[in-house]
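Each chain gets a letter, A, B, C, D, E and F, in the order it is written, and its residues are counted from 1.
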Amino acid sequence: MKVVYVVPGPMDKEEVKRRGELLQSWANKDTEVDIIAAEEGPASIESMYEEYLSIPATAKIIYDLEKKNYDAAILGCAGDPGLDAMRELTDKMLVLGPGQTSMITGAMLGNKFSVITIEDSMINSSYELAYKAGVLEKLASVVSVNVPVLELRENREKSLKKIIDAGKKAVENDRADSLVLGCMTMGFLDVAEEIEKEVGVPVINPSKIGLKMAEALVGSGLMHSKKAFATPLKLKSGKVNSLDELNVK
Amino acid sequence: MKVVYVVPGPMDKEEVKRRGELLQSWANKDTEVDIIAAEEGPASIESMYEEYLSIPATAKIIYDLEKKNYDAAILGCAGDPGLDAMRELTDKMLVLGPGQTSMITGAMLGNKFSVITIEDSMINSSYELAYKAGVLEKLASVVSVNVPVLELRENREKSLKKIIDAGKKAVENDRADSLVLGCMTMGFLDVAEEIEKEVGVPVINPSKIGLKMAEALVGSGLMHSKKAFATPLKLKSGKVNSLDELNVK
Amino acid sequence: MKVVYVVPGPMDKEEVKRRGELLQSWANKDTEVDIIAAEEGPASIESMYEEYLSIPATAKIIYDLEKKNYDAAILGCAGDPGLDAMRELTDKMLVLGPGQTSMITGAMLGNKFSVITIEDSMINSSYELAYKAGVLEKLASVVSVNVPVLELRENREKSLKKIIDAGKKAVENDRADSLVLGCMTMGFLDVAEEIEKEVGVPVINPSKIGLKMAEALVGSGLMHSKKAFATPLKLKSGKVNSLDELNVK
Amino acid sequence: MKVVYVVPGPMDKEEVKRRGELLQSWANKDTEVDIIAAEEGPASIESMYEEYLSIPATAKIIYDLEKKNYDAAILGCAGDPGLDAMRELTDKMLVLGPGQTSMITGAMLGNKFSVITIEDSMINSSYELAYKAGVLEKLASVVSVNVPVLELRENREKSLKKIIDAGKKAVENDRADSLVLGCMTMGFLDVAEEIEKEVGVPVINPSKIGLKMAEALVGSGLMHSKKAFATPLKLKSGKVNSLDELNVK
Amino acid sequence: MKVVYVVPGPMDKEEVKRRGELLQSWANKDTEVDIIAAEEGPASIESMYEEYLSIPATAKIIYDLEKKNYDAAILGCAGDPGLDAMRELTDKMLVLGPGQTSMITGAMLGNKFSVITIEDSMINSSYELAYKAGVLEKLASVVSVNVPVLELRENREKSLKKIIDAGKKAVENDRADSLVLGCMTMGFLDVAEEIEKEVGVPVINPSKIGLKMAEALVGSGLMHSKKAFATPLKLKSGKVNSLDELNVK
Amino acid sequence: MKVVYVVPGPMDKEEVKRRGELLQSWANKDTEVDIIAAEEGPASIESMYEEYLSIPATAKIIYDLEKKNYDAAILGCAGDPGLDAMRELTDKMLVLGPGQTSMITGAMLGNKFSVITIEDSMINSSYELAYKAGVLEKLASVVSVNVPVLELRENREKSLKKIIDAGKKAVENDRADSLVLGCMTMGFLDVAEEIEKEVGVPVINPSKIGLKMAEALVGSGLMHSKKAFATPLKLKSGKVNSLDELNVK
């Protein structure tokens, strides 16, 4: 099985390599994981504007990757920017968003999950994501650590502590019985087990679960529904022949 | 009051002019309406991919327009592409999406409204829009005429007939007591009154109501909530000084 | 455009005049606003009983006003007492309730709004009103200042302080990002801007937004749905010829 | 136990007597049922306007009856007009609305109930009543026979047939597994058993269940919640001493 | 009328007798109440496992009791274990669960009710029960006293105090205006009136209301819906002739 | 990884073997799948009574299996009978129900899924299962083939045709864009791909997806939440030492 992980914006090569290796280490034996970062886009995603900004370039990468026989692609942002569009553009390659996938996993493991997000400004979009995932009913709360994405990596211990505090708050006040890390950078800190030990409930790492769910769905022969995510009419009818032609100037 | 209407993609100049004149004819005496079309983007919007494709260029226009003392900007697509992002980018200029505005008007006039959309592929996103607007509970159904946007204009009579048929279906089967036209091109056909006569329920024209609501909100001194739509952190903190700098290459 | 504002109970003439002048000052240039107070009814509305008590006399006024070529009537109480009945009785004159209109405006400006009401006893009916308006999903909370209506006016500064405190509570604890003043007397204190400055989110004045929405809807050629609010059968069929005949003794 | 049934409008004495006798025949051995009809109000209730019209006179009756040591009062209309207000006005006498009571009984007996109402114009208010009762989630549909209330009694067989047809439609198309008769005149036709035989699901007679629930609740020592339905402030504080004083002229 | 109360597990005879006598004292004059305890099953029910453990033996008792001309059976546990199955097995004898019945009564008396349960581990299942009852929308909260069932009886005063504290918390923080005791052992402490006096809102005793509702429904000629709770196919078709035969070994 | 599949009732050995082999053929290379059938219980599950009947024996098997170092157990019935109880009884071995798992997969692949169940009598419990899974919002409908479980296997072609017809109905009428097979016997017919070809939307096989999800969750180091599914108090506190002791006689 071939899975590709797509970072929706520029990222330093070392970190890209580190994330790729982590993903490969989490994969099944016969899964090959590639990683690719967009060459243009936001440095990190902390607003809806940055989500949208990342989509056109990332969509093009996804569209091209389908031709390279990947079985599945994973969007490398827990806000799942443009997931519906990516799914419109692919016919055979499953596309998964780690945000919705993580929330759905929370729904599977207990009665109520909370999402730990980076900034207050992302709380509302987390609720919208839960609605799109269909599990709003099980979302206990969205709590924020208020640390910008790019600082999260700089001080792992400090970040870990803030995440643990936010998680405890959700479990004690909001009836959460599992936690979803709402940011890929949190995910690649690889701290879920440590948080779990401190807070006492399952902690879902979007970076890892995205991959494992891709393996499960591809292994089941399942693809996202083309009735739900129809190919854009102009492409389907042959009026245009490429994504570039869809963008009129 | 100064209001600007922004078409989120290239459009022939004559049609832009025609739409601008219609808008001005609907405006209050002391409202000045300008219209501007993005120079790059989708030819029409019939998929989520095309919605996202339109956002970066349109957002930039909106961001620049705020400096020109407009009181309000109206997004020229009934899918409200990137409305949350546009609102993140503006501090003093109200931004409205005609899709959410029309649905909310449907909620105000009766108990259940239906949306008439262009293609089956846009049905799901109409439900999501109603959720974002907060009026999902009053959405009776989304019905589609299955006519591509660019053909809608070509044969006004045929389009009108299809819209009336779809509207009747919604009123008879789905308990709708008002109808929302779910596409700006439908809106600028200026057919709401004719449909109303045939179907017997209020018909909401997104092109017109977007403008009138902008006038009402600006006239009330109201702005979209900056707590709900926070300025992107990197802009706010001064780490970057322009939208261009947010887009790293 | 001719709009009439109907106070659903007796009010001292000076205050009626003051409110009428405020309304006219908020109106568009070509809008003429009249104001009329019922000669019988509750002194103020702080219970469901008083809401219902106000309806028969107010309905009769509304029914008669339609014959005087008004384009719209606004019910002068934020509980919208009998709004559905008033709409049943009118065919050409739009009737708006400032309560539902304000809540819908809250839904348009952000993700969650809170209502500031006068007494704990009105909290439940505010939730019901949000359900009727179709925006319950966006109602963050209803908070009360616990000041009787008639005292609100007596000490503007004290009232203002209590409203600000309640508003801050809603924003900090309940995820509200806009506030609705849930009482016309609060509205006519004309304090929205001062609260907005203190609390930092949009504050919706029901007295003002009711008028501006009436202008927007009439300006769009829209009327409430007669499919939703059918004329009472006995009136429609001609079995009775007046509201008085509907009331058998 | 003393229960009183209050018809919210004028009714011919013979029918009042007949209804009172039916109620007494349904009552427990030690329950004494009285019946009283308002001397003023709508001839029948087929619109929200007529609902509201009935409230002030009926509320006054209820208010006075509490002083006569009744344990419970039942509102004689399946729309439960002004139920919340009646409950605000009583401290020791339970007030029940047969509409909400019947819907709640439907919820108790199966998974989904449908309401059979008299006119299309009452469909929306039936949904609102289900929301107030808290059982909207179990409401399968509201179907209408489109027969005016006063004609229902005239031709029992024809009415019965129409109700059976509507009931079958609800059971076959809408997943209903019990039926609620949504009108007291239907209830006093005493046809529930005949419908049940034809349609094959439980049929809830609001006239009967209102009484039986009153007996059950009074027998359990339960009263409606005064926290939910607070006494109007002006009455409670002693500022006014009667309902008449609440109505200023 | 003959009603039977079935304790879903072994219980000491004295307590069975005491409960039976309490039930008879609460009954209408012409109601005969019998009580029977299963000879096998959990000592008390504090987990879903214990709920399920109780069902097979209890179902068999219910199935046999129907042949003894009881009009109604009441399940003796506020978790309503296997209520749907019991209803599948009976054709003429109404089966009621005190849990759902109590919640529905809460919905009838006010706007929001809270459930007081024994252990944190039963909170989630209380929410599920409210969903099954169809009144989730009116459930304010579930609060727990964290006292094991078998200890509840041992120290009536201590238990009462804990219940009062939990009830006050629900009323003050969660907008509850009535309380449901979520455990039969709480119910048979017969403390509802004392709690009501302390907390100031109606307190629903599941032990009592189960009986009174059975009387009301039987008195109305109502049975649970067989469309909702169909007889198991193998029994209905005659493929098996007894519950024992359904259990293959 | 070691996974065990538990059939919750007696099944002929050949079929057990066949199912075990199918499961192993679907498994990852390093997953070892065992299968075990309860020696006592229902011959098939077509009612809630049969669901409950299966639980005590199956729970005991699950409880014992945990000591044998399995990483995950899968309940062999799409109604997930007693899933919450099984999870209460295990501390280290993940327990999954194929019903909830399949519905959640439907939610992941599109906007609305429908469940194809065996009998009308199982429709209501499918809705309840979707509620428990947290994805009720995305459940388009439940459609039934009305073929008893034990006949499903006898005529594969006839069963397949009925399933396809039901699936088409759901897709055309109910807005479904994926289908869930609501019965393990359907699942082990291994017909998902054939249905998918005919109906044109993803078809989720509960037999397969249960296994693949178990692999994904175990592979992510995730376990069901013990906060959500607490160990029964008497077991945890050591008051009893075995499941047998919990069952008092």
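Here is the rule we go by: a contact is a pair of C-beta atoms (placed from the backbone, for glycine too) under 8 Å apart; a residue touches a chain by one contact, two chains touch by 3 or more.
In this text, all values refer to a predicted model and were calculated from it rather than measured experimentally.
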Q: Taking all residue numbers used at the subunit A/subunit F interface, answer same if over half belong to both copies and different if under half do.
A: same
Q) Which chain's mean C-alpha position is the greatest distance from subunit C's? A) F
Q: Report the chain pair from A-F, E-F or D-E that duplicates the C-D interface, where duplication means over half of the contact pairs agree by residue number.
A: E-F
Q: Mind checking the rotation angle between the two copies, subunit C and subunit D? C-alpha superposition, nearest 5 degrees is fine.
A: 180
Q | Averaged-CA centre spacing for the pair subunit B and subunit A, given as whole angstrom | A | 29
**Q.** Length of the line joining the C-alpha centres of subunit C and subunit F, rounded to whole Å
**A.** 53
Q. Could you say which residues in subunit A touch two or more other chains, in rising order?
A. 111, 124, 131, 228-229
Q) Residues of subunit C touching subunit D in their complex? A) 9-10, 39-43, 46-53, 55-56, 59, 82, 84-85, 88-89, 119-121, 124-125, 128, 131-132, 148, 228-234, 246-249
Q | Residues of subunit B defined as touching subunit C within the complex | A | 26, 28-30, 96, 100-101, 104-105, 107-112, 131, 133-138, 171, 177-178, 192-193, 200-202, 204-205, 208-209, 212-213, 215-217, 219-229
